[in-house]
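Okay, so subunit A shows up in both of these, paired with subunit B first and subunit C after.
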Partner chain A sequence: MKNENIVEFQNVSFRYDVSEGEEQLPLAINHVSLNIKKGDCVAILGHNGSGKSTLAKLSNSIITPTEGKVVVKGMDTNNEALSYEIRKTVGVVFQNPDNQIVASIVEEDVAFGPENLGLPREEIRKRVDDSLKAVDMYDYRHHESHKLSGGQKQRVAIAGIIAMRPECIFFDEPTAMLDPKGRKEVMDTVFKLNREYGITVVYITHFMDEAALANRIVVMDKAEILLDGTPKEVFENSDLLKSVGLDIPQCAQLAKELKKSGVNLPDNILTREEFTDSVLNLLGDK
Partner chain B sequence: MIKDITIGQFFPGNSVVHRLDPRMKLVLTFIYIIAIFLCKNFLALGAMVLFLLISVLLSKISLKLIGKSIKPVFIIVLITSVLQIIYNDKGIALIEYGKFHITTGGVFTALFTTVRIVALVVASSLLTYTTSPTLLTDAIERLFSPLKIVKINVHSIAMMMTIALRFIPTLIDEVDKIMSAQKSRGADLENGNLVQRGKALIPIFVPLFINSFSRAYDLAFAMECRCYKGGEGRTRLKEMKLALKDYIAIFMLIAVCVFVAITNKLIVAPEEYSNILDSFVRFVL
Partner chain C sequence: MAIIETQNLTYVYSEGTPFRKVAIEDINISIEEGEFVGIIGHTGSGKSTLVQHLNGLLKPTSGTILYDGKDIHSSKEFTRSVRFNVGLCFQYPEYQLFESSVYKDIAFGPQNMGLSEEEINEHVLRAADFVGIKKEMLKKSPFDLSGGEKRRVAIAGVIAMEPKVLILDEPTAGLDPKGRDTIADMIDNYRKSTGSTVIVVSHSMEDVAKSASKVLVMNKGQVEFFTGVKEVFSNAQRLVEIGLNVPQITGILMDLKAKGYNVRTDIYSVDEAKSELLRFFKERGVL
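Right after this comes the complex of A and B.
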C-alpha cells in the first residue's frame, strides 16, 4: 500500500463562471492529470494565473471540475453527499491568515473544526492542545488572534486544519503575505507535519527556495503541467523554467555559474546548505 | 484615534468575573441596566454603584481601561448634564442671571443622570471585557434558543455576531492602513467643514467595503474547509454549567435590587430629596 494515491486529478479542467453576456474566461485548469501519493511532500510551482490555486480548491470539493474528476481516497468530489468526508480527509490552508480565523481567541478558533465535526468535549480539548503543540503555538492558546504576528496567525490557521486530523493538507501560498521570519516559521511547520506526523503535504508557492525542499515539484504554466519530477530533475531545465518566468534557486544558479567558470563544484546543488557544504569541502581540500 | 475603540474587546484573565457563566453574566448585566434606571434616590444609586465597583475590582480589569470605555460617552454625559442644569428649575436657585438660572434640582438631576449613564456603560463594558466573544455569542445562542420554535435561526445570528466581533480589530487596522494610503496621496482628512470631511471619508470606505467582501468570500471558503454546515450537530469546546459563584452573583444582585425597590418606596424621589437639601442650602446661606 506504499504507493497509494490520496488525491487523484483525472484529466481535470476547470473554468470560472462569469455573469451572463460577458466573454468566457479561459480554462483555469486545462486537462490536468496529477496523482498525489500518500505521505509525499509535493510543491506546486507557477506564476500568478497558472492555475495552481485552483488545484487547491478542487482538491476538497469546494469547487468541482468542469470536466474530468477529482478522486480523494476513492471518493469523487462531484458527489456532493461525500463532500463532508472529503473535507475531513483533505484540508486546505489559504494565503491570508486573517481571513481564515473564525474566532477571536486562538484555542477557540482551533476548536472550530472539531466542533463542526460534532466531537465530544474531551476529544475537542485533546485535539486543540495537540494541534497547537504541533505548530508550536500552545503557549499562545489564550491569546487574541489579531494581536499575533503574521507567521503566528498562519500557524494558528494550520492548527485549525490539523485539529480535524486530515490525511492530506493543501497549502495555497501560505507564506505569500509573510515576512522572512514568518515564512521560515510556517515552512518549518509544514515540513514537520510531513516528516513527524506523516501528513501528505502539497504546497503551492512561487518561491523557488521553498519548492527546492520538497520531494517532488510540479511546475504549472498556462493552466497545464509543464514539468513534474524531483527538484534536481526540475531545476535541470533552467532554460525552460526561465522561458515561463521562473528561476532556479539562487544557490543553484550561483553554483552553476561557478562551475562554468571552472570552479570544481559537484552537480545538482539546490539549497544553501548544500552550497555552503560543498564550498567548505572545496576550501578544505586546498 | 481609531485605535482607541474598545467596543466588544475582550481582555483575557482568570478572575472570578471572567469565570462566571457567560449566560449568567449576560442576565446579570441586563437586570443591572434595568435596575439602574429604576433607581429613584441616591441611596439606591449608591448601592448599585457599589455593586459595580466590587465587580470591577474583582475582575482585575485596570481602571484605566474602564476609563477608556467611558470616554466615548463623555460628550453625551456633558450635554445631558448641561441641559439638565439649564432647564431644570426645581429647587432653589443657586445662581441667577436674567432668564438663566442654576437650581439645586438641576444640579442633582444632572449628577444623577451622569452616574446612571456612566454605570450603564461600565457595566456593559465589563461584560465584553471579561467574556470572550465566542462564549458571549454562545450564551446568546443558548439563552435565545427557545426562539427556534418560531423558526428563527438563532445559531446563524450568533455565528454572525462571533464573526463581526472577530473582525472589528482587523477592520480597524485596515481603516488605519487605508487612511495612511489616502493621506500619502494627498487626501485631506483633518481640515474643512463637516461636509468636506464627510466627503473625504468616501475614498476610505469604498476600498474598505470591497476588501470586506473579498474577506467574506475567503472566510466562507475557509469555514467550508473546516466542515462548517450550520448549527446542527455542533459540539462545543467549552462547557457552560452554572456553579455556586453564579448563584452567589445573582443572589447579590437581587439583594441590591430589593434594596433599590425598598428605598424607592421609603425614601423620597430626587426632586423632593433636593427639597431637604434646599432647606440645608437656605440654612447655610
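Right after this comes the complex of A and C.
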C-alpha cells in the first residue's frame, strides 16, 4: 500500500464563474493530472495567478472541477454526499490566520471542528489537547486568540485542522503574512506533522527556500504543471524558473555561480547547511 | 535637515481600559530628506503603529512628530497638508481599491488635494507610468486586474499625490519573486527620480539589505537599532533573538566565520558573496 494516492487530480480543469454578460475568464486550471502519494511532503510553486490556490480549493471539494475528476481516497469530490467524509480526510489551511480563527479562546477555536463532527466530550478534549501539543501551543490553550502573534495564530489554525484528524493537509501560503520567526515556527510545524504524525502535506509557497525542504516540488505556470520532481531536479532549471517569475534559493544560486568559476562544489546545493558543509568539506575541515 | 523627526513618541492602545497596551514607547528618530529607510521587526513590534503616526493618522499618546521641523498636529491645516506630503500605503493595499476604473482610483488622492482636472490628469498618468500600468489599463475596473497589478494600482494611488515622503507597509507581502522585484525596483526608481524620502516596512531581510540606506529595527515597541545596513546586520545573534534574521547569503558567510575562517560578513547579495568566496578560495589554495 506504500504507493497509495491520497488525492488524485484526474485531467482536471476549472473555470471561475462570472456574472451574466461578462466575458468568460480563462481556465484557472487547465487539464491538470497530479497524484499526491500518501505520506508525501509536496511543495507547489508558481507565480501569482498560476492556479496554485485553485488546486488547494479543489482538493477538499470547496470547489469542484469544471471538467475532470478530483478523487480523495477513492471518493469523487463531485459527489456532494461525500463532501463531509472528504473534508475529514483533507484539510486546508489558508494564508491569512485572522480569517481562520472563529472563537475568542484558543482551545475553543480548536474545538470548533470536532464539535461539529458531533464527537463525545472526552474525545473532543483529547483531540484539542493533542492538536495543541502537536503545534506547540498547548501552553496557550486558555489565551485569547486575537492577542496571539501571526505565527501563533497560524499554528492555532493548523491545530484546528489537525483536530479533525485529516490524513492530508493543503497549506495555501501559510507563511506569506509572517515575520521570519513566525515563518520558521509554521514551517517546522508543517514538517513535524509530516514526519512525526505521518500526515500527507502539500504546501503552496512563494519562498524558494521553503520549497527546497520538500520531497517533491510541483511548479505551476499558466494553469498547467510546468515542472514536477525533487527539489534538486526542479532547481536545476533556473532559467526556466526565472522565465516564469520564480527563482532558485539564494544558496543554490551562489553555489552555481561558484561552480561556474571553477570551485569544486557538489551539484545541487539547496540550503545554507548544505552550502556550509560542502565548503568545509572542500577545505578539508570535516 | 531632517524631514521627519519623532520626539519621545509614545502610543498606548485602549488607554484607561483593562486592555491597555503600550504599542510604541519613547521613539526618537530622525529621517533625512532623500533617505531610504527599511523598518524591520517581528509581528507586533510596533512597526505599523509607528508609521501610522508619521502622517498624522494616529495621534500620539505623548510626544511629538515633526515634519520639516514643525509639529504635525500644530494646526488642522498643517495636519491636512502633512497627509498629502507623507503618503502612506498600507499592507495589502489592493483591498482598498474601490472605484469603478483604475483611473478614478488613482485620481482619488489628487482630487482631494483640490488640484485642477488637468493637474489631476498629469498626476495620474505620471503615477501610472511609475508603477508600469499601461494607458489602456486605466479604463478597466480595478477588480479585473491580477493580484500584482492591483497592488501596483493601489501604490500608484499614493504616489499620485506626489508625496515628499513615501511610506509603504510590507509592499511585497504575498507576491511571487518577480512581483517582489518589480515592486522593489519601482520604489527605488521613484526615489531616485523624485528625490523623495522612502520608508519601507518589510519582513524580508534580503529586500531591506538590497535597497535601504538605513535600517530601523523595532523590538517590543522600542527602537533596537537605527543605523546603517552593515551595522544592523552585523548583530546577527541579537536579530535572531528578537525574531528576525540576517539575509540568507550573509548567514552563509557568518557560518564560515564562526568556523574560524577569515571571510567578510558584511555582504548581502549573491554577486558580492561570489567575489568574496572566490578571493577566499584562492587564498586557501583550493582554487
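Just so it is clear, the second predicted complex is superposed on the first by the 284 of 286 C-alpha atoms of A that agree within 3 Å, B and C clash if a C-alpha of one lies under 4 Å from a C-alpha of the other, contacts with A are read in each partner's own complex, and residues count from 1 in each chain.
Going forward, contacts are C-beta pairs under 8 Å (C-beta built on N, C-alpha and C of every residue); 3 or more make two chains touch, one makes a residue touch a chain.
Quantities reported herein were computed from a predicted structural model and do not represent experimental measurements.
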item: Which superposed partner A:36 touches (first subunit B, second subunit C, both, neither); value: neither
item: First, second, both or neither for A:62, with subunit B first and subunit C second; value: first
item: Partner chain(s) touched by A:108 [first = subunit B, second = subunit C, both, neither]; value: first
item: Contacts of A:84 with subunit B and subunit C, given as first, second, both or neither; value: first
item: Touched partner set for A:118, first subunit B, second subunit C, both or neither; value: first
item: First (subunit B), second (subunit C), both or neither touched by A:214; value: neither
item: Subunit B versus subunit C as contact partner of A:99, first or second or both or neither; value: first
item: Residues of subunit A at both interfaces, subunit B in one complex, subunit C in the other; value: none
item: Touching residues (chain side subunit B, partner subunit A) in the complex; value: 10, 12, 132-134, 162-163, 165-166, 169-170, 173, 215, 218-219, 221-229, 233-239
item: Parts of subunit A lying in touch with subunit C, wherever the complex brings them together; value: 46-49, 95, 149-151, 173, 176-183, 206, 208-209, 245-247, 249-251, 253-254, 257-258, 261-264, 272, 275-276, 279-280, 282-283, 285
item: Subunit C residues touching subunit A - in the complex, by the definition given at the top; value: 41-44, 146-148, 173-179, 203, 205-206, 243-245, 247-249, 251-252, 255-256, 259, 261, 270-271, 273-274, 277-278, 281, 284, 286-287
item: Subunit B-touching residues of subunit A, taken from the complex the two chains share; value: 57, 60, 62, 84, 87-88, 91-92, 94, 96, 98-105, 107-108, 111-121, 124-125, 128, 142-146, 157, 160-161, 164
